[in-house]
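Heads up, the next two complexes both have chain A, just with different partners, chain B and then chain C.
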Partner chain A sequence: MKNVILALIILISTKLSIAENLEEKGFNIAKSSYESGRGFTDMISDQLMILIDPKGNKVTREISAKSLENLDPNDGDKTITYFETPKDVEGTVMLSHTHINEDDDQWLYLPALTRVKRISSSNKSGSFMGSEVAFEDFSAGDYRKYKWKYIGEEVYEGDLCYVLESYPIYENSGYTRRVGLTDELLRARKIDFYDRKGELLKTVFFENYNLYEDKIWMADSMKVENHQNKNATIFQWQNRKLNVGLDKKEFEKSSLMRLAD
Partner chain B sequence: MIQNPFQRKIVIFFLVTLLHASNTNALDFKAYGFIQPESSIYINGDGRHGQDNYNASLFGKGTFVSYLQDGDAKFTISTIGRFDQSDGELRYLDFQKFKYEYYFDDITLKVGNEIVFWGVNETFNIVDIINQSNLAEDIAGTKKLGQPMASISYSQDYGTFDIYLMPYFRVRPFSGKEGRPRLLFEVDKNSITYESSAKKRKMDFALRYSTVIDDLDIGLSHFYGNNRTPVLSPNPLTLKFNSHYPVLSQTGVDIQATKGPWLYKLETVSAKDGSERYLSAAGGIEYTYYGIRKTQSDLGVIVEYAFDDRNDNPFNNEGIVGLRWSMNDVKSSSLLAGYLFDMRGNSNRFQAEFEQRINDNLKLFLDLSFNGSIDGTDFTHQFKEDSQITIKVAKYF
Partner chain C sequence: MNFENRVENFAITILNHRIKVVFSSIILIMLISSGIRFLETPSGYRGFVQDDFKYYQDILELEEKYGNIDVLTYVIKPNKGDIFQKDVLKLIDELTEASWQTPYSSRVSSIANHQFTEVDGDDISIDNFIINVDELSEENLSNLRELAKKEDSIVNFVMSESTNVGLININLEMPEDIAFKKPIDFAWKQKMIFEEKYPEIFVGVAGSAQFSHNFQSVAESDASKMYPGFLLLIIILTYLLLRSVMSSLIALLVIIFSILPSLGSAGWLGFEAQPPLIAAPIIILTISLAHAIHMLSIALTNMNEGMSKNDAIIDSLKINFTPIFLTSFTTGVGIAGLNFGDIPAYSEMANTVAVGAAFGFILSITLLPALFSLLPIKSNYKESVMLFYLKNLALLIYKFKERFVIIISLICIYVFSLLPNLYFDDYFGSYFDRVPEWVEVKDIVDPEFGSSFFTFADIETNEPNGITNPEYLNKLDEFENWLVQQESVADVSTVSDVVKNLHKNMNGGLEEYYKIPDNKALIAQYFLMYEFSVPYGMDLKNQMTADKSSSRMLIRTNYSTAIETVAFNKEVNLWIENNLKPFRTKGVAGIPIMMPHLFTENTNGLLLGLLFSFSFIILVVGLSLRSLRYGIISVVPNVVPFILGFGILTLFTDMVTASHQVAVLISIGLVVDATIHFLSKYQKAISMKLEANEAIQYCFKYVGYPIIIASICLFSGFIFLTQSLFFNNFVIGGMCAIIIIIALLIDLLLLPALLLIFGKKA
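Take a look at the complex of A and B:
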């Protein structure tokens, strides 16, 4: 009897430690993956967003963006987005101070009102400009936003990938679970997103990876396929430049009027 | 089209500067705009001043921005114009922005016409004072005229100071004889008096400090100059309104707290208008439900209230309940609707604005303004029969 109890204790504790190991392993891969994308200091890019409906009709949106890396391990980056098309929103500027597991601080300059408004950002799960991309998807690679679990390995497009499951910490997230593939160069390749009901919502494919500054892999294309409404969105980064020496003061509310047309 | 000599001088100065700049380096610029035919139907039939029950109008806006001196400076023109079928006061061109800005590290210098908005409220913008309102465009006063100014802005971590010097005053435009809605009498443009002996040339002055502390956006402001709102008094000889512009000294505070889906807003003003002192406060709450009925659409509920201790002020005890519905679809369909009510009496009106993109270059707007019961003593009684539906289609280029 004693032996049985001992065996059970050993069995349970081994299982626990394996579970812990899987979580730790998942966390460590996610953390390394995130950190391999850091060190860009600041970044500018033009972005093209192509919205595709189930019939294959396409509309294109153009924006240009700047971002400033935040080296604070407990806080997020700052971004400025300037909307170019559709033309009725041309001249709209959005400033975001992102935070990891809280609402972001967000201001919008609206040219029709010639006014800067502080807006609520608790809709991180909401659609970005009518696309299949949610605001929270822009920081999908931030390991601090999720709990992680290593599931195994899988070959994807000829590359060996880690299979990682993650669970959002942010309470207003639109997801309950994600299953992603991260390759041996620590690049996220594909993530399946499960909605609040636990059903498969969409798959995001990270494509067209390029090596910037000889050290940072960045996907210059992100394809989102929504399995429920059958819409798709292709997000492309163009003219991306890192470490261009942007002034951190540009990313404050007081500088928003400098960007107003 | 540029009617006053001061503005004409500024325009010439800028054109010379621009030509000079374009000679010295390649011009880096962007230009865009739209043209918008509009058509209004007045659902109460002909107006009380014999105005037609239908009106057509053409509105347009053009924006030109040029970056100079390697991006350290910017030259901006943003002009709006309208050609209205009926109202001569709605045939105009206005340089909303016609400015040259120079950027130092912490300092922005600016000269020219500019639109400056102060405040946080959706409806009762009581702190906002820099720009003259064009009441011919909109009786709520949300459409502005470009204000000539020289300004300096100084930013530090603890906040931003803005100083404005405004050497030229712009008289408030009102609807003309054929305009709809219009006041009981025409406003006589040849009978304007000022408290200030410098009249239009009075050097108006304003100062603002603004800062962000976590989820609070705070502004403190002071304005000293010609009041943008004139006192109108009927002249028995001309049967028109004479206008008098007192000198206004106004101190304002505006605060917004952003707490998740909740926005809390407050504006207060303590002012001396001519010889009259008054206190005014307006504020409200906005709450947004995200992803209603499992769709991408958001529904915002807005409640605002305005108080003014002057009994004769039209907004001395006024409230609004509004809804903002955003579909977040490819067409950016949205609806803003508000029910405005005077809490002193029984006056109320309903307003709604719907908009939807037709394609990448076209957008449809539908505006509805419906007057409910309006007390005979209420300021807006003169607009009672001017309920209207307006369709606008903007073509962007």
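Take a look at the complex of A and C:
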């Protein structure tokens, strides 16, 4: 009898330790993947956002952006987004200071209003500019925003990939679960998003990877397919440059305020 | 060889091959009946319209642009006080959260997750309207109440103006061809859970999803509740009439074997099991029962008089062949008039009955005699005491024939004068008025919100980003202001409301800025700002197209009748034509627009159907009697029951709905049966050189009893149909029952008197 109990205890503890290992393994891969994309110091790029409805009608929006890497492991990057089309929104600028598991700080300059507005919203799980991308998806690779679990390996487009499951820590997230593929170069290739009722909502494909600065792989195309409403969005990065020596002061609220003067 | 001899030969052949007949008909019937499994689950109100119906196409177009229109709504009402109590808000908050788990849900909106903007100078913070319920003080609660009353997108959408009722609206993105069962089951489970947790608060399920699901649940509950009882009644009735277990068994088999393959054929043909189809088995049953009673009662009488079993049934077939054929035929043709209507569910029911009538006829002349010959049957059949009364009645009519005609004519003239009060209309709000759970919720929602239905209008600019044009938004505002003054409209929400709200919030929250700014670029920038600060499932995608070339108006609609709706729609179109330029719209669309139009167009189709069925049947009867005189006489007992039936209707309501027309089409073929039986027997009596009064006696003796029995069967069948939870079935059942009873009285009282006065003398 004693032996049986002992055997059970060993069995259960190994099971538990495997579970723990899977979570740790997942976390470590996610962390390495995230870190492999770091070290860019700052970055500029032009972005094309193409919205495609189920009938195939396309709407294109143009944005350009600057980002500043934040080396503080407990805080997020700073970005400035310039909106260029449609013509009516030309000159609109958004500055955001992202944070890991608290609300971002966001300032918006509206040229038609000639004022800067600070917008705090606790809930940014919604569609970004009518696309299939949610605000929270822009930090999809930030390992600090999720709990992780290593599931196994799978060949995707000829490459061996780790299958990672992740669960958002962010309380107002629109998702309950994500299942992603990360290849051996630690690049995220594809992520399936499951909505609040646990059903497959959309799939994000990261494509057109380019090696920047001889060390950082960045996807210059992101395709999102919504399985429920059959809409799709394609994001394309152009003229991406890293480590261009941007002025840190540019990323402060004061520089935005200067636009309003 | 004359016709009678041919029938006799046919009957003998059947009896010679009786075992083959029994087995082959059973196998054939099983094969056809196996189609029942293909009967499709009703797809709710969508299955009620034809795919190419204009007003349904409008909905589909709208859905292609803005997503599915179907909404599942929770209705929350505390037993005491309004919704601004901690418990109530907590329930709404928790149920809102739980609602994201609803199968096929795409967005959830309630007062709890309403995005509320607070402004402090240039600082704008957006959050859920209800946060930290546990920490709310009495003062907080009354502040929230005042704030909520001022929010356009709260009042009449997620909270009633009185603040007594709260709603949670869940938009469903249903895959094609899937019924609402899953989300509805989920919602009812939540209702149970939350009512148990908060016993002082009522939680109800409403919205177009529940409305649509009612079609399915009502059909299912009707079938399971009505059929067993009705079958039992029929078994008892048959036994009482025939006094023979074996004969009753034969009747029962013929009945069941007429119903199963007709439902099977319906399945093979891909029909939907909508509530109207529920009536089909009941109608088929009564027709087949009448056939069986006619066949068996004569056969049993013959046996009593000493005939052998086989001779008795052969003789019965000879007597009954023509009337059974004619009655099956007229019933089928009469009800087939429903195909002139625009509602597939009714055409499908009619065609199922027509198929059943055909099976009833075929089985009555094949399987029935074969079984009768095979099974051990002893006749205890006794002539009913009813015959005695019928004889006396015949004498009475002979004596007072003129008075009978005059009195009934006077009644008819009086009733006729009531008929102009009647008008055609329909009220789709009443369809499920016999479903207690639906009525319970309806009684809360309708007085507070008008209804739980929405109507929509897609307003197009024809240019990308056109909706940011102030001219467009002002036009929406103008349209909205006109709409809210209409009686059919409870409230309207448009993207111009969103812009006004943003403009206010971007200008320090000052009320004076609650208007549309005169600057297109500014509006575009507001939308841009709005679009990246909204939570999951709260974006504007269901209100505007991605290229911002058109937007959708949301109109909360009051229940209105078909006439009111058609008039409203006309006025809307007129306003659009005169005022909306340069913008375009196809007008308003939605369930509250589609259903009334469906019934208006259906009514027109059915009137044509009535004309077709009536003239066809009168022609058939005239031809079968081979006499213009009797043809004309036959019109009276076939028309008078309908006049009197509608006269009785005026005691309850003046509104003639599609259901009343359906009732006429169902009963016309049945009413005519008795006339055929009576007149053919009268002709026979005259040809036997009987005096007029003797001829009437003859008719009463031979068909009086079967006519009464058949009418009682039909009457009880339709009374059973009035037990349906589907209001339209209730109306159809009631109306048919009234008509059948009147027809019986007319056939027994007026027709003999008419024949005595106008019929040929021997």
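To be clear about the criterion, the second predicted complex is superposed on the first by the 255 of 261 C-alpha atoms of A that agree within 3 Å, B and C clash if a C-alpha of one lies under 4 Å from a C-alpha of the other, contacts with A are read in each partner's own complex, and residues count from 1 in each chain.
In this text, contacts are C-beta pairs under 8 Å (C-beta built on N, C-alpha and C of every residue); 3 or more make two chains touch, one makes a residue touch a chain.
The structure presented is a predicted model; accordingly, all values stated were derived computationally and were not measured.
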Open item on the list: In the overlaid three-chain picture, which partner chain does A:50 touch, first (chain B) or second (chain C), both, or neither?
Closed with: neither
- [ ] Look at A:105 in the shared chain and tell me whether it touches chain B only, chain C only, both, or neither; answer first, second, both or neither.
- [x] first
TODO: Please indicate which partner A:255 is in contact with in the superposed arrangement: first for chain B, second for chain C, both, or neither.
DONE: first
- [ ] Pick one for A:22: touches chain B only (first), chain C only (second), both, or neither.
- [x] neither
TODO: Please work out whether A:92 is in contact with chain B alone, chain C alone, both, or neither, and reply first, second, both or neither.
DONE: second
Task: Contacts of A:126 with chain B and chain C, given as first, second, both or neither - done: both
TODO: Check whether A:200 is in contact with chain B, with chain C, with both or with neither, and answer first, second, both or neither.
DONE: neither
- [ ] Report for A:163: first if it touches chain B alone, second if chain C alone, otherwise both or neither.
- [x] neither
Task: Partner chain in contact with A:151 - chain B first, chain C second, else both or neither - done: neither
Task: Overlapping contact positions on chain A, where the chain C interface meets the chain B interface - done: 51, 53, 59, 86, 88-89, 111, 113, 115-116, 118-120, 122-123, 125-127, 130, 174
Open item on the list: Quick check on the complex: what are the chain A residues that touch chain B?
Closed with: 51, 53, 59-60, 85-91, 103, 105, 111, 113-116, 118-120, 122-123, 125-127, 130, 174, 247, 249, 252-255, 257-258, 261
- [ ] Using the touch definition up top, name the residues of chain C that touch chain A in the complex.
- [x] 64, 67, 100-103, 105-106, 115, 122-128, 173, 464-465, 468, 506, 519-526, 528-529, 531-541, 545-547
Open item on the list: If we count contacts the way the header does, which residues on chain B are in touch with chain A in the complex?
Closed with: 30, 32, 34, 63, 65, 74, 76, 78, 96, 101, 103, 105-106, 108, 115, 117, 120, 144, 153, 155, 159-160, 210, 212, 215, 217, 256, 258, 260-263, 288, 290-291, 296, 298, 328-332, 357, 360-361, 363, 394, 396-397
TODO: Flag every residue of chain A that touches chain C in the complex, lowest number first.
DONE: 51, 53-55, 57, 59, 83, 86, 88-89, 92, 94, 106, 108, 110-113, 115-130, 134-135, 172-174, 195-198, 228-229, 231
